[in-house]
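Two complexes, one shared chain (chain A), two partners (chain B, chain C).
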Partner chain A sequence: MTARPVSGVQSSRGLTGLLLVAVPVLLFAWMTIWPILSGLARALTPEQADGSRPVSFANFVTFFSDPYSLANLGITLWTCLVTLGLLLAICIPLALYLRFAQGRLATYVQTMAMFPMFVPSIILAFAFIRVLGPNGTVDLLLNAVGLPKIRSPYLTPWGPVIGLVWDNIPLTVLILVSGLGAVSNQAVEAARDVGAKPLALFWHIILPRMWTSVAVVVSFTMLGLFASFTLPYVLGPASPEMMGPFMQRTFRDLRNPEMALTQATVTMLFCIAFGLFYVRAVARNRES
Partner chain B sequence: MADLVLAKPRTDWVGIGFAFILTVVIVVPMLVVVIWSVSNVWRFPSVLPQEFGFKFWQMTLARSDVWSALTMSLSLSAVVTGLSALICLPAAYAFARMEFPARTLLFFSFLAGQAFPKFGLLVAIAAIFLQLNLIATFWGVVLIQLVGTLLFMIWIPVAAFQAVDRRMEEAARDAGAKPLRVFWSITLPQAAPTIGAAVLLSFVGTFYETEGAWLIGAPQIRTMPVLMISFINNQPVIQYAAVLSVLLWVPSLIALVFTRRVVNSGSFARGFGA
Partner chain C sequence: MSNLSISNVSKLFSTTLAVDDFSLDVADGELVCLLGPSGSGKSTLLRMVGGFEIPSQGSIRIDGEEVVHLPPEERPTGMVFQSHALWTHMNVFNNLAFGLKLRRMPKAQIREKVEAVLELVGLGGYGTRAVTQLSGGQQQRVALARSLVLEPKILLLDEPFASLDQHLRERLREEVRDIQQRLKITTLFVTHGQDEALSMADRIVVMRDGKTEQIDRPDIVYREPQTPFVAGFIGTMNLIEGVVQNGVFSKAGYSTPVPVADGPATLAIRPEALELTVAGENAQGQVHRVTDYGTHGLVDLVLLDGTRIKAMVSHPDLFAAGQGVSLAPKAIAAYRDNVLIHRVALGKDTAALRQLVDA
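For the complex of A and B:
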């Protein structure tokens, strides 16, 4: 190969490289870019009785004037915000602990925090019902000590929230701990030497260095929660329902792909800012 | 927090608190599932089952729907992972080692799928599959699950190929080895452990993939997670779903053992944009 002229080698290798990546790139384009564009196009061109497809916002007008669709969008937003708030409230202290603590206890806490990553959502859903559902473990224990049963969160909006928080703890902690790597021990010790209280330390030294990873967590979980299906479908209420089960039902049970595409487009538009931010963060990390 | 950084010798109450809460919240639910799977009789007011035993293991394993779902899940995962490796590993090698037009753009284009809520994207794909008559077919589910593995099966192996020591390859080439021989004897063995982890993660991820299988495949294509959903929703005998949960867990535990190193490394978190 070295005997050949350099330019010839490069162009033939360039072609080989393109050919090697062609199949996954084309498959990806056909199964990601194309469906999004064609879905948007179909949602914007509702089929008329005569079979023609003029451009109109009729599908979106239908969506945003239908109280049931709006209630579903509302419950989705509510679930996202509550889940996100709980996740940050749980995972920021956990990540701070894991960043600064050492020893076997810290290793144990980390192992526990990572464990849900290896529990498939569907097993989690079943475990949730057996523990918090009617006559579940919590009811059994309360009953054993003579206390009344709980009002089960199963099939209420709190069901998906609890399941989604549980499911998302590992990645949130991983991302936050990785972000806390930017806080140097010296900075913390220096602040403490001049008498900074823990809260001031957190507020002035640690938090400013955490913003990026918090923003990544927010966009990553918003994308994941907005499109979650399994946990809301199994644990959540039948009405109103989150966008995932709603789209699935519109597509499969009501056999209305056009309206399902409209719903999908609405969820994508709601997530577009988070999506762009998240992709930029991942790409920037990969480049460095 | 001051306690955490400064006073190491003092009792780590914060750690004990976290360890206790996490144990209760994470281990107990899993334990309950395992206990349900080995209880022959467990009626309401009793805190523990009235009768332990493996009766429902036999009954679950005797069900034909469980076996057909297991076969379906295993064959789907094998076909998807095999196809994914076949098309992604050569592409990963090209991304890592070759110069070609638009290389960076194409490499990062695989991220585009991450910018959208996944279920919205699935519905958009399903609408196209509806026109192509791929709904409720084996190959429809293969395609949708295959796309889910692309990012993983390209990005992780690219990192693996990039981590291979170029000097060893050059030394082998100087000693007269042909390019294919260098790839086979030097490059591949060094990249293999990470690529193996990617293949394993893609197999396990496909095995548990629920949403695509449910949206595209149901009711004809019944994987283990899809069967599990119908057990949860429609099966009055709790133990069936409990036994199925424990069975379903096995691939995940294998993944836990073999990929812990990859997951605990910082590069894994960075892959998610941390």
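For the complex of A and C:
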């Protein structure tokens, strides 16, 4: 048996390929992997009075025994879950409409659904304050017709929820509409033909086919919500606060980078859980 | 007893009239084929019967009951789609059982019915298989079974064999015809394959541009096409444009008696109804190519003005390219202004044509 010789052209192509891959891989390692490992190492090696850094879970013990930290983690989870629930409740019907409707109105609705993508979060936050904040547009309109003011969601836990829902609609709709592409018109018509009414059609035929895209939405949205900063910072309450503003305040105002890194590590653990959920959903989809 | 009555149905898509004032009555247990080229409106018509399109006007009745206002889920019809449209997240059993479950039938009864229908379509024991593990033919049988298990009054087949290979298509159409006759289920079948229509249908509706060209038994449609379109669409037909003068049709050296008023006419001759004899100086055409199919031969001829026609011969070895031939049609039809104006068919050839149709 003779080994097949590798030509010079092939090996040079292989080297070029490796070089092309190397740049993004090194960048990823430098900008992402290294900070994670470095942060994790610092969180796990708190500095002692004598300047030594023994391995210890003291920072994590402090975090999980501090009611304020736990309240912040709790409000973050609450905000993420409520936002996710509202997003699915709004975007699934929207995606179904965009998938199956035809005509000009559907095009307009799609454009409207994509609009938030082009509005920066800070603009959205101030628009929110001007509309729903105290003495905002809604209050002025209510006052004009002699009705009492609304109880403004600004600086309450519902402020970030409303902003984050609005901000995440485009990505969620895009992913869901893409997932609905797997549901053929004929599969839907066949279901109607055997007697499926809209609810049965959605539950038994459409939802199982778009399940992967719902899983992707859940993981992507949760990752994005955990990492959100601007909207919770501007629209949310000062206490308890979401993990993003909490980390920033711990780092900058309290000048406690070790604790901020601990908070970041805890946040990252939750994100890893949703990341694994995403990987599993994609893998299952490929298998099927 | 289930019959279907379609009366003056039209469908307008924006500015396009897909179906134009269509009427048809399908008797109980009858299989009617809607045959026509792409864009003739046959699928639109079927979808209107199934409830997937709403007619712009007209009436559709099943057993005398108006169904135009009913959505698909409430119509007593069952549709088999071209792409099978099986639900790939369900196995074979669940694909069939889904409609029965929606009707809240007891589980034992569902199992009994599904298994019986799977046996009927030759897929007994396949219930636990994933539909993606089945071949194209098996998937189409599952799609048929899914409709049959609900015992629809009207079975609608929308080009169900179009995605299958020729061999499988021929086998499945025989099976479907057998099942349809055994169950005596009223069926509307859309196809653009004339062989499918000729071999399966009790009656054929030939459609063109949303209108009916002819409704008849397959043998009549084949042997007595009422329009040049039907003549050209069903089987192979030589259509020769010429002029009738003093009762004689002429075209570039070829003439034959056609006792109609003077004027332009289209002469239609089936290749199998055109006899050829080798001729010398008085040849009416020249052999361009001879193709031997084993059972018969097909001679491609060129008339004196370059018109190409075909003749079917039993001994292709008697002809060769470049040879002069004279034509002796045994059956002809003549059309003017899209209307049949004359037909001559000899008894001997009629019998031969019937054999061809039956084959």
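Please note the rule applied: the second predicted complex is superposed on the first by the 252 of 288 C-alpha atoms of A that agree within 3 Å, B and C clash if a C-alpha of one lies under 4 Å from a C-alpha of the other, contacts with A are read in each partner's own complex, and residues count from 1 in each chain.
We take it that contacts are C-beta pairs under 8 Å (C-beta built on N, C-alpha and C of every residue); 3 or more make two chains touch, one makes a residue touch a chain.
The structure displayed is predicted, hence computed values, not measured ones.
S.K.: Look at where chain B and chain C land on chain A after superposing the complexes, then choose clash or fit.
M.R.: fit
S.K.: Considering only touches as defined above, state whether A:62 meets chain B (first), chain C (second), both or neither.
M.R.: After superposition on chain A, A:62 lies in contact with neither partner.
S.K.: After superposition on the shared chain, which partner residues are touched by A:15: those of chain B (first), chain C (second), both, or neither?
M.R.: first
S.K.: In the overlay, answer first, second, both or neither for which of chain B and chain C A:256 touches.
M.R.: In the superposition, A:256 contacts neither chain B nor chain C.
S.K.: With both complexes superposed on chain A, which partner does A:45 reach: first (chain B), second (chain C), both or neither?
M.R.: In the superposed model, A:45 contacts neither chain B nor chain C.
S.K.: May I ask you to decide whether A:152 touches chain B, chain C, both, or neither, giving the answer as first, second, both or neither?
M.R.: It touches nothing on chain B or chain C.
S.K.: Using the superposed model, give me the angle at chain A's CA centre between the CA centres of chain B and chain C, as a multiple of 10 °.
M.R.: 90
S.K.: Residues of chain A touched: more by chain B or chain C?
M.R.: Here the partner covering more residues of chain A is B.
S.K.: Using the touch definition from the top, say if A:190 reaches chain B (first), chain C (second), both or neither.
M.R.: In the superposition, A:190 touches chain C alone.
S.K.: Quick check for you: in the superposed arrangement, does A:181 touch first (chain B), second (chain C), both or neither?
M.R.: Only chain B; A:181 stays clear of chain C.
S.K.: After the superposition, what is the least C-alpha distance between chain B and chain C in whole angstrom?
M.R.: Scanning every C-alpha pair, the shortest chain B to chain C distance is 5 Å.
S.K.: Go through chain A and flag every residue that touches chain B in one model and chain C in the other.
M.R.: 189, 192, 197
S.K.: Hey, which residues of chain C end up touching chain A in the complex?
M.R.: Touch list, chain C to chain A: 50-52, 71-74, 77-79, 81-83, 85-87, 89, 98-99, 102-103, 143, 146-147, 150.
S.K.: Can you list the chain B residues touching chain A in their complex?
M.R.: So the residues of chain B in touch with chain A come to 1-2, 4-6, 8, 12, 14-16, 18-19, 22-23, 25-30, 32-33, 36, 44-47, 87-88, 90-91, 93-95, 98-101, 103, 106, 108-121, 123-128, 130, 143-144, 146-147, 150, 154-155, 179, 208, 210-211, 214-215, 218, 225, 228-229, 232-233, 238, 241-242, 245, 248-249, 252-253, 255-256, 263-264, 266, 268-274.
S.K.: Under the definition above, what is the set of chain A residues touching chain C in their complex?
M.R.: 184, 186-187, 189-197, 200, 204-205, 208-209
S.K.: Mind listing the chain A positions that touch chain B in their complex?
M.R.: By the definition above, chain A touches chain B via 1, 10, 13-18, 20-21, 23-25, 27-29, 31-36, 38-39, 42, 94, 96-97, 100-103, 105-106, 108-109, 112-131, 135-137, 140-141, 143-144, 166, 171, 174-179, 181, 185, 188-189, 192, 197-198, 201-202, 213, 216, 220, 223-224, 226-230, 233-234, 243-244, 247-248, 251-252, 257, 260-261, 263-265, 267-268, 271-272, 275-276, 278-279, 281-283, 285-286.
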